[in-house]
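Next come the structures, one after another.
The same subunit A turns up in both complexes below, where it pairs with subunit B and then with subunit C.
So, the complex of A and B:
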């Protein structure tokens, strides 16, 4: 293993955050489920798990980019709903699919510009964007329905060389994010900007010659585009557009990022931690269904486990 | 000869009862549920016949959304517990989340349940998963929500348009076909809200009735109370109120009482709290029926399929509205406002879940 990779995977004193703990919890959950239920290790169920967890993995990765710079994007849920609504406009896929990414990039651009140029707090800016988008989505599609391009449906439900297609979505998303975060100067700058924000010296990166505003805007654009990608995946899963499909998804994504050891104050976090955080949440949902846990107490258990995971990490390190 | 004829007839009857297919009319689903007229295919007898014990899965659209949805879950559980051939009911809660419903149904298929009951979150939410379940040989019973696909096995549908129209027709009659009304709607974007509203619009067609205010109270008491206070303070001159849900009706009635104003004709539904208020205050109203016991009907339909009985593909549940006299027969002062009528919950369960003491 190359030294760089070893450095990225280490947790001790690094900027990668505490991602080993959630990994151990994910493994523990998986072992418990495979002992408790006969169906967990069934190939069909593992495929279900990948497909069910994929939208959250994609959205959480996007969210991680803005959290790393000390920001937050509450509009990703609305971007997802908006994307499914646009895709279900019954138009040609060749126009609609690139179209949703262009629109998502514009949304991210607006978020970034409002935050950097007008000095609006990220929570307020993206919350406002969430409401605006929700309204537009409900005008476009008041109730769920419409026709999603066949290529979108086929891309999430089929398989290639015997491997289910959602697996390729995961590999491609992680590869792109890995390149952006660890294989480019942009990724390094994100850690620098976030580190400054976390230590109370927001101009630190700027003073070292990093074009912080441009990078912050770019982080919001990337976050929106990942949300749009999750929206495309979900549109294929639900075979329709739905104005409410992304509701509260932003909170799940932030939770997944936090569980994965990324500091909400910025500067510390990792891609692999985020993926593990999202997997913990997917395992919880799938596992409680398989373990036949009553719906009356499922949410309670989910809340308790999330609290436990976050409590095991110190508040200072979490940025909470 | 007569004896011979009688013997043959008795033998045919016995054979039919013991071995032959059971016809759709034999299956009791719920009071007021009838097979849809017109083109209505038959689910052939024996197609899903399976020896017990059975595991039945259910994807509920949202257990904890309000007291009605909670009671649907309880009615389903009670009906399943009553049948000793059902070894397990796996009840999953989609929490009004379309993507979770897709995942829930996939999980039920992975668990190889014998039948799946689905309350769809939206008209398209469960289509793909339902098709997967049927392809896996699992019968799917649909209720309290239509879907665009016809991949399911059988459905029992209380029409939301019918619900809205029963209330709309009542207001049209009370207002003599003209006047101004407020419209209190449910959750924006939810198909039940849209379809109930469409039922109202059908009632108002060609009538001289104007909707002077239309707001979404999300079927919640608190939100509707604020809305009604604002509407009343803006313009108290209203001839009738169409409310999409009983909690919103109770809230609006309380607002009129708070201002000491006469309560205009207002629509309601089969909720114990609303019934108590209606009986005590004597205002003009109607109760549209939408029983939570549709949950029990879903279990009965699933059992019928597993028994190998013949069912129709489509069943409708379009009961007439209730007047206050019928409401009095159901109202229980010893139970909380959270019970919905008609219910099939056993007495001890009603007291356990909803008893005031």
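So, the complex of A and C:
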């Protein structure tokens, strides 16, 4: 029994990474919050928890695809702000909503092509993309304002069959990501490419005949599209465009992915781990809000958690 | 493309860091479009403005040569600016503030270095996290409001001139010169070059790889501390936003100057001209009335294009 538990908790040789421990942490946090505060366990707050955590869950799932191949996408925060700004452009929803996904796919395509074809380090490519997008977003919408299409607002605030709509967003996102990661050749190739990168032989997957470049590009496209989806959700929540809504979102997403047991060096990770990691972050944010912690302290705590989680992961490479 | 790259003149020209081309190009643009701005007084003011950036770049190029990166400079500058301007240390002397700034810089640099070198954590994530922790800390202490004024002794020194040249610019040039000597004449300079080229080979040749990386980060922190002092003197007031865009500009100037992760072709003077290019870019953008958003786009594009410039030359498969 003890050996079994240890084997489940140890990550040695596992492709999924350590995701049971964060699940226990999430459960512990939920139980502790419901014992400590009266406000936690009521329908209003739980709905709030889901609705507040959903953008992070969606973004983190997208980020996971990129982290699995040993990359990193620092532009997701800007993609989110950009999406809300585009949605608030005062046009018909039938044009704007597909439009933001096309734009996000183009952004991801740019990231991927620059990284694979022009041989630029992912961090540098996405960091500069972050600034380019931030600039464009500020031109489109210098301060928050405008109104987003009614369809978007209705899709996040209503409920269907007595279940609030954000829950369906979560189910749909997870289903799509599950199909991509575990139900397709693409998902398997991601693990192969990432495994090679993590062990220092970047060409390993390529040498096995995997078309690594197009899979890497596709991973960045998916990451951007998920970020855009989170942006649409957030736009529906705040009912307007906001150039600063995605600020530091990329770090929250990376933290969530890392908490869920996905190795930042690539090749090891899981979808359920990422969802659990995002849940931990959402519970933490909710708990800190209930306890009236200053937003500045919340930023500090999030930064400290990121430092702690990534310093617990071991990797061979030094530097970037 | 392949034919053009084989041509030896083209190849030799491509080896010159893009910073020099950009610098000349911007001078030409300015000379054609706004010739009246090309006088020593106007340019002196703009160059003086980028002196903190230039000092930060000296540290940045060091960490980038050992394949690392330091994005925590913004947090360090903000914290030191707060310490000086908030009046937490009433009646403190200049020397106290200088020692405090250097100590904060070295402390943060040492933490970054240990995390990157010993714990092998991704440098981007460590330094970004450290930065947001420091920013959150300062904003918590000041409740998001600008603290107070900077003691006038800082501004007094900042405004002095030695002949026609402003002191901060001379200080920056002197520090760059010191770093150039340090990298080209000392054993540590050779260590930095070898770790950047191939960390494994360096390790087997007996180079203390980890210690070199840690020391590079400590020095980068130290330079961030110095940059914070100059920046604080230049804006003369406390602020909760000062210096937050400096780290990304420093990365941009360093890459523009020909120092890309692990490769130090540009030396110290390439990034130096990278910073000067940014000074000119700000002049040009001010002259043409391009706002803050345009600057963000320009920063991003410059990093991207400079990185592509180097990436194209090191293709794999």
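Convention: the second predicted complex is superposed on the first by the 277 of 320 C-alpha atoms of A that agree within 3 Å, B and C clash if a C-alpha of one lies under 4 Å from a C-alpha of the other, contacts with A are read in each partner's own complex, and residues count from 1 in each chain.
Convention: contacts are C-beta pairs under 8 Å (C-beta built on N, C-alpha and C of every residue); 3 or more make two chains touch, one makes a residue touch a chain.
Source: prediction; values computed, not measured.
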Exercise for the section: Pick one for A:55: touches subunit B only (first), subunit C only (second), both, or neither. Expected result: first
Between subunit B and subunit C, more residues of subunit A are touched by C
>> For A:27, using the defined touch cut-off, is the partner it touches subunit B, subunit C, both, or neither? Pick first, second, both or neither.
In response: neither
Determine, under the contact definition given at the top, whether A:294 touches first (subunit B), second (subunit C), both, or neither. both
| said: Output check: A:237 vs subunit B and subunit C. Expected answer is one of first, second, both, neither. What do you get? | reply: first
### Message
According to the stated criteria, A:113 is in contact with first (subunit B), second (subunit C), both, or neither; which is it?
### Response
neither
Have a look at where A:129 lands relative to subunit B and subunit C in the superposition and call it first, second, both or neither. second
- Message: Touch test for A:138: subunit B only (first), subunit C only (second), both, or neither?
- Response: both
Both partners, subunit B and subunit C, contact subunit A at residues 138, 142, 294, 296, 298-299
In the complex, subunit B touches subunit A at residues 60, 63-64, 73, 88, 90-93, 95-100, 102-104, 106-112, 122-125, 127-128, 148, 188-191, 194
The residues of subunit C that touch subunit A in their complex are 66-69, 115-117, 119-126, 128-130, 132-133, 135-137, 139-140, 144, 199, 209-210, 213, 248, 251-252, 255, 261, 292-304, 307-308, 311-312, 314-317
Residue positions on subunit A within touch of subunit C in the complex are 72, 74, 114, 118-121, 123-125, 127-136, 138-139, 142, 202-203, 206, 248, 251, 254, 264, 294, 296-300, 302-304, 306-307, 310-311, 313-320
Residue positions on subunit A within touch of subunit B in the complex are 39, 42, 44-45, 48, 51-52, 55, 138, 142-145, 153, 157, 234, 237-240, 242-245, 247, 285-286, 289-290, 292, 294-296, 298-299
